[in-house]
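Across the two complexes that follow, chain A remains constant while its partner is chain B and subsequently chain C.
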Partner chain A sequence: MNKITTRVSVLLALAGVLACQPKGPASVTTGDAASKVYVAPGQYDEFYNIVSGGFNGQIGVYGIPSGRLFRILPVFSVSPENGYGYSEETKPMLNTSHGFVPWDDLHHIALSTTKGEHDGRWAFANGNNTPRVARVSFESFRTEEILEIPNSGGNHSSPFITENTEYLVAGTRFSIPMANKDVAIDSYKENFKGSISFIKVDQTNGRMNIAFQLRTPGFNYDLSRAGKGVSHGWFFFSCYNTEQAHTLLEVNASQRDKDFIMAINWKKAEEYIAQGKGRVEKAKYAHNVYDEKTHMATTTMKDEVVVLDIKEFPDIAYFIPCPKSPHGCDVDPSGEYIVGSGKLAAMMPVFSFSKLQNAIANKEYDGDFDGIPVIKYEAALHGEVKKPGLGPLHTEFDANGNAYTSFFVSSEIVKWNVKTLEVLDRVPTYYSIGHLSVPGGPTSKPHGKYVIAYNKITKDRYLPTGPELTQSAQLYDISGDKMQLLLDFPTVGEPHYAESIPASLIRDKSRKIYPIEENANPYAAKGEGQARVERKGNEVHVYMTAIRSHLTPDNIEGVNVGDDVYFHVTNLEQDWDVPHGFAIKGALNAEILIMPGETQTLKWKPLQPGVVPFYCTDFCSALHQEMSGYIRVSAAGVKTPLKFSTGTPE
Partner chain B sequence: MKKLQGISRVFIVIAASLMILAFFVPLWRILMWAPQYPEGLEMKIWIDTLTGDVRTISALNHYIGMKHIEVEMFPEFLYMKYILMFIMAVGFIAAAIGRRWSVYFFAGLLVLAGIGALVDFYIWGYDYGHNLDPTAPIVIPGMSYQPPLIGTKILLNFTAFSGPDIGGWLFVASALLTFGVIFYEFYLQRKKV
Partner chain C sequence: MKNLLISCFVLLLWAGCNDAARQETAANDPASPGAGQSAVKDDTSQPDVVRVAVNSPEHTTLVAALKAAEYVDALSNAGPFTVFAPINAAFDKLPAGTVESLLKPESKDALRNILEYHVFVGVIKEEQVKDGMTLNQVNLENITLNKQGDKITVNGSNVLGVVKASNGIVYVIDAVLTPPAQ
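What follows is the complex of A and B.
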């Protein structure tokens, strides 16, 4: 009897243990998720989702709610697929003071705004590695401008913008000695400085120009947001490593209980600059602009910046203590609340802009750091979100006073009320969310409806593809009280920040063709009558036209091994969606795609004699396979006469 | 011959005046759809020019060896406006004369002009559709590509529609008004007999 009881209780205990074993994550959506993301064939998505590509240096354009990928726009990385960075016209886009840099790490997107609302003019993006900012046109979906940022050690807190796109900022993630000074690394505290560039945007054409740089204490500037509404005129930057460590930051930059959010009164800085109080410093940096009329990029090397040291102008900058290495530093739609996300903190402070103003007026300081006043924590604090989750990173907002914060460590999105600081809902993400995006989330007037999670870990969410897996985003419906998972969709590169904009703001102004009569490329052949081949020393210029379904000229002779042959190909089509491509055997660069009415140039250096075919790479028409030609290459020194033709002369 | 009623003369003036608008609006339109052109291609014929996707249509037509369409190829664009001015002048003179025979003359002229325009259009269409380059990439024995005179026709992957545009309809309205006047005068005369 006793034995049996023992056995039974052992079995029961075992069953109990097994029953307590936690289950894997519940990953199934509920309700009518499928119908909410289904966009029928031929129908359009409601939003464009402009997604940073991270280490692919590009921008992905997706549709929301379907999650379908439309295009990958090359920005900081060469794209052999369409010749960006390979064609003679686009090569200058990637010039820097270091030379041609064909890759970068694109982290953040900022869509232009007017009065704090999306206006659908431009998208801006940062290059994190070799510090740069880029501007993409929403008419052509092309990178039109890239500006290098001098005195920066990594352009991470960028390109956040002011409410009327007056400025975008570029704050250095890593402090460095200014002006490329050669110093001992352990002289960090003495020699290393931070640098925040304010880039003025020309409202007529979007052209960017570094208006001034703020010289700031040497630590790490992570993320940023401009004030808006009541706080327009201010900028907020999260700072970590206020310990000023230069090695093993993992430990050494995590010692202080509080780091800072740096509040910058940029209107004041603007005044000082207008009064001529800025100091001109030498700095070498490249400014690359793509011209829509000549279809060519040009590089201008600049050699100075105007600098304001915030130590010397005490009413420009203030430090607000913020717990434990803050990452996100996000401003709510009204501009009154600033959310600090301490990566290692167990709560999230929300600061009040009006309290900050009072604290400054009443000098409620807790001493200073490197000459900059440190505001008393409680004096600027609206309140703390208690036990929100682990590892808060970023916060976006809806139009109803709610905030959505991503938590990397606890892998979830938490919805909370900005005023009451009460946690309202939480949903898991799969897995370890980084950035998140609510359509219009960073603007004064969020469009709401969805929140999209951009995850850092994908693991078992898709069919495995070896050790290197796809990256992943997840779409949640936020129209109700509870967030609802609707869709997983894979992304290219590693998405960091993204914005979504209503399709109606962009769709109708999307360019279809380049009018041939406006083509101002000096190498254009605006008709088959202008097609020709010219030799200048060892340079051979082929002025070629492409129209369905032939290239003119398509028979070329008189080229020698070692010549530099430039194929200037003009697409004579004036019809929507009829690009032509051009590729030639043995080219050491890439192909080019030429849009209707456009001229692009591929350089080719023949290294062997023979007859070499070239052809159109974009399946343009029923006779695309016929769209080809030959170029004859003679050995160096052989005097084959220069000849070119298409078709048999009658 | 009998004099016209006052109201009839007014309507003849209106009928002639309507045609002034034909100088400022397209007379005829040709629409084309294909699987690759769900948005459609359009060509509009004006009194002195062609507009719309003429370049695109020409580019597509080269596959089957049709001629490139250029405004300069059509002498009609040089003299059509004078014909129209003449017709309008006849209308106004007919109203001024105010006799039945003058209206019959105007109506006859309108009918003749209409038939003439359609015949001319047919001849051009026939020429375009049949007079093909024998070295064209696509040659289908026995196939011709004459566009429809009026109505819809399927030509390979294209569905083509041809019909009056605003100017054409104005011309039709002028003719209807003129014949209305004739009918009205006829009806009145009978009642009096």
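What follows is the complex of A and C.
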């Protein structure tokens, strides 16, 4: 009997293996995956993962390898959670030539580099819809600056940076008629132009300024990467819709079997600008800067840009043919190899920078497009990765000469050798990967260790939450020859590109408080003795302080229906992680969070008489529930005397 | 007793092969990351191009070929795809032994090349087909569409019907399209 049972058990086990083997190329996570992503309580992640939020207009900050979400940083979108875009101080951050634009579509991240390596100074991000670029500080993890991009129809190939963060770029996804010209849409070929902005970054404070714009043929400019190492001084842009279609691009922009990668010699362009050869054109755009000392943003409207038309300067730009509708355009750590990912192709060309230089020197051209030389495909080609997968999108690199490419259609990451072009390994992603990130993957010195997939389709990967699902990221170990799936983690918004940076480059400089003595906000009350209420016509300014566990003043009278009441709240705390919040009943905007030592202002317009409570929204102490007050609102015209106090004896 | 145990074994084996059971295993076993997109359990959504083929008794050979090429998950993707789907009789017209040979593991590249020649990334609806139109297929080779009145042909073979799918469109055709010699 025992014998029979044993034999049947073996059969059962065998049958289980045979019957349940997953179909297709699904790999199997091994037993040590959990320990590889487990960050024990009180311990830290090794990497920050700075993740674009796509249609939420924000940046997500995650830890790797745990996949834990630390913060959502508002960039191009208002955040009622902390008052970004609602407080009087932060509203100007979202000003544009169109007015206040409270949302954008944030696709790509670029972390600042020095000599091609991460330096932990800033993160840059693009606004795809109303063209903008932003700079986020790694001290405060706040958006410090937003610059609008004129002459752009959608800022997609942005904000990729040069190796010393000299420039970031902003290439238009949609070509448009320049200078807001009112023309027929079917005059695309004649009237529509592309525009690539080179934005100079001030190395002392990170401030951005459009140094010059290149006027380019009317294509769609998709993605880009700067040259580095041997190719420093050059920039590469993928172009699709070289058919110059203006309708049903799904069909009409897929006609040519090859589009282009545009190679730009930006050092040369810089020389022409220095020689005064740029043309000054009128263009209206906003430049918004947040000042850490005044805790306030200001908007400056600018009115001109300097333009170089690449047709007029024959040694700035070259087109390299690339099949088919290239999306990713990625440069390896050495700077020698440029990977083109034709998103409809079943192969990937890898171009050689030195061969490109020879082809230019020997004029190995295949004619021109709109006056720009088209390099012979073979002349610039290092080689093709044959049959790597279906629908290549983006490529990141490790420090060992390997590339990792995402394939949307075949839903996988493929590892291949940049020099030999040999496919080394492939792993499925769940499902339909878009971007991917290797820590330091776009830099001259990748940190390696992991690749993170940002998938476009979630379907059944998590417990369902109705038609709208979370987005799904996946973490793979790449330290061995074979990639190993370790973890699924959900992400907010819709991540596009992300970068990962060693925590050691950022962690120690993260700000804890703002010194109160340095607070230069004109509405600050730097002590309870300065707390007061002042009326200026229809405006009532409440200079309020917040410290555990009361607001000063907390009783206010003499406000009328229809007044504009400004609560300027200064957090007097000088203690790490003690923010205070402020909210008032009936406010038509949001709350504000005020960090220690900071002043923020919430505007409130009372619309009916009565006594209205306000309170601290951020649980700050054991007596947080007591941190509240009242403001009395009298009907319009009623002369209630202006009075304010805290702690008047009962 | 022995017979009972063997019956249990057979029952378990059968259950193990059942799709639902496999889903359950994939979801609950931490050692398995799950099957691909084609295994997503979803009877509500409009069928995708793969399910259109799976649901058609005329396309069993094509489905077998997609499985052998491991392209079932790829075509269950968001697409959008225009798939030219030869019926079983179309495969039967090929020289004897061709299909059997293509389905062998060592022929996977050749089979993939043929299948890729039947797929265009993008949706071309019937009314968008123009006489003499070329489409550059996934394997980077062109096919030619012709249209006379309502009658559409692909590289000369006949379109027998058109089925809309959630992730594209399927043209049912009466011949296997042969990619140009490489």
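Rule of thumb we're sticking to: the second predicted complex is superposed on the first by the 620 of 650 C-alpha atoms of A that agree within 3 Å, B and C clash if a C-alpha of one lies under 4 Å from a C-alpha of the other, contacts with A are read in each partner's own complex, and residues count from 1 in each chain.
Following the convention adopted for this analysis, contacts are C-beta pairs under 8 Å (C-beta built on N, C-alpha and C of every residue); 3 or more make two chains touch, one makes a residue touch a chain.
Treat the numbers as computed from the prediction; the structure is a model and nothing was measured.
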Inset, instruction - Pick one for A:S549: touches chain B only (first), chain C only (second), both, or neither. - result: first
Legend entry - Touched partner set for A:Q574, first chain B, second chain C, both or neither: first
Legend entry - Superposed model, chain A: greater residue contact from chain B or chain C: C
Inset, instruction - Please indicate which partner A:S432 is in contact with in the superposed arrangement: first for chain B, second for chain C, both, or neither. - result: second
Inset, instruction - For A:A635, decide between first (touching chain B), second (touching chain C), both and neither. - result: neither
Legend entry - Touching partner for A:L623 - first (chain B), second (chain C), both, neither: first
Inset, instruction - Considering only the touch criterion stated at the top, classify A:V251 as touching first (chain B), second (chain C), both, or neither. - result: second
Legend entry - Which superposed partner A:A520 touches (first chain B, second chain C, both, neither): neither
Inset, instruction - Answer with first, second, both or neither: which of chain B and chain C does A:L344 touch in the superposed model? - result: second
Inset, instruction - Go through the superposed model and pick first if A:K456 touches only chain B, second if only chain C, both, or neither. - result: second
Legend entry - For the chain B and chain A complex, residues of the former touching the latter: 53, 55-56, 59, 62-63, 137-138
Legend entry - Residue numbers on chain A that touch chain C, as the complex places them: 1, 4-5, 8, 11-12, 15-16, 19-20, 22-31, 33-34, 248, 250-251, 254, 257, 323-324, 344-347, 387, 390-391, 408-411, 428, 430-432, 456-457, 459-461, 485
Inset, instruction - Could you please specify the touching residues of chain A with respect to chain B in the complex? - result: 547-549, 573-575, 621-623, 626
Inset, instruction - State the interface residues of chain C toward chain A in the complex, per the touch definition above. - result: 1-2, 5-6, 8-9, 12-13, 16-17, 21-22, 25-26, 30-42, 70, 72-74, 77-78, 80, 109, 112, 116, 121-124, 128, 136, 138-140
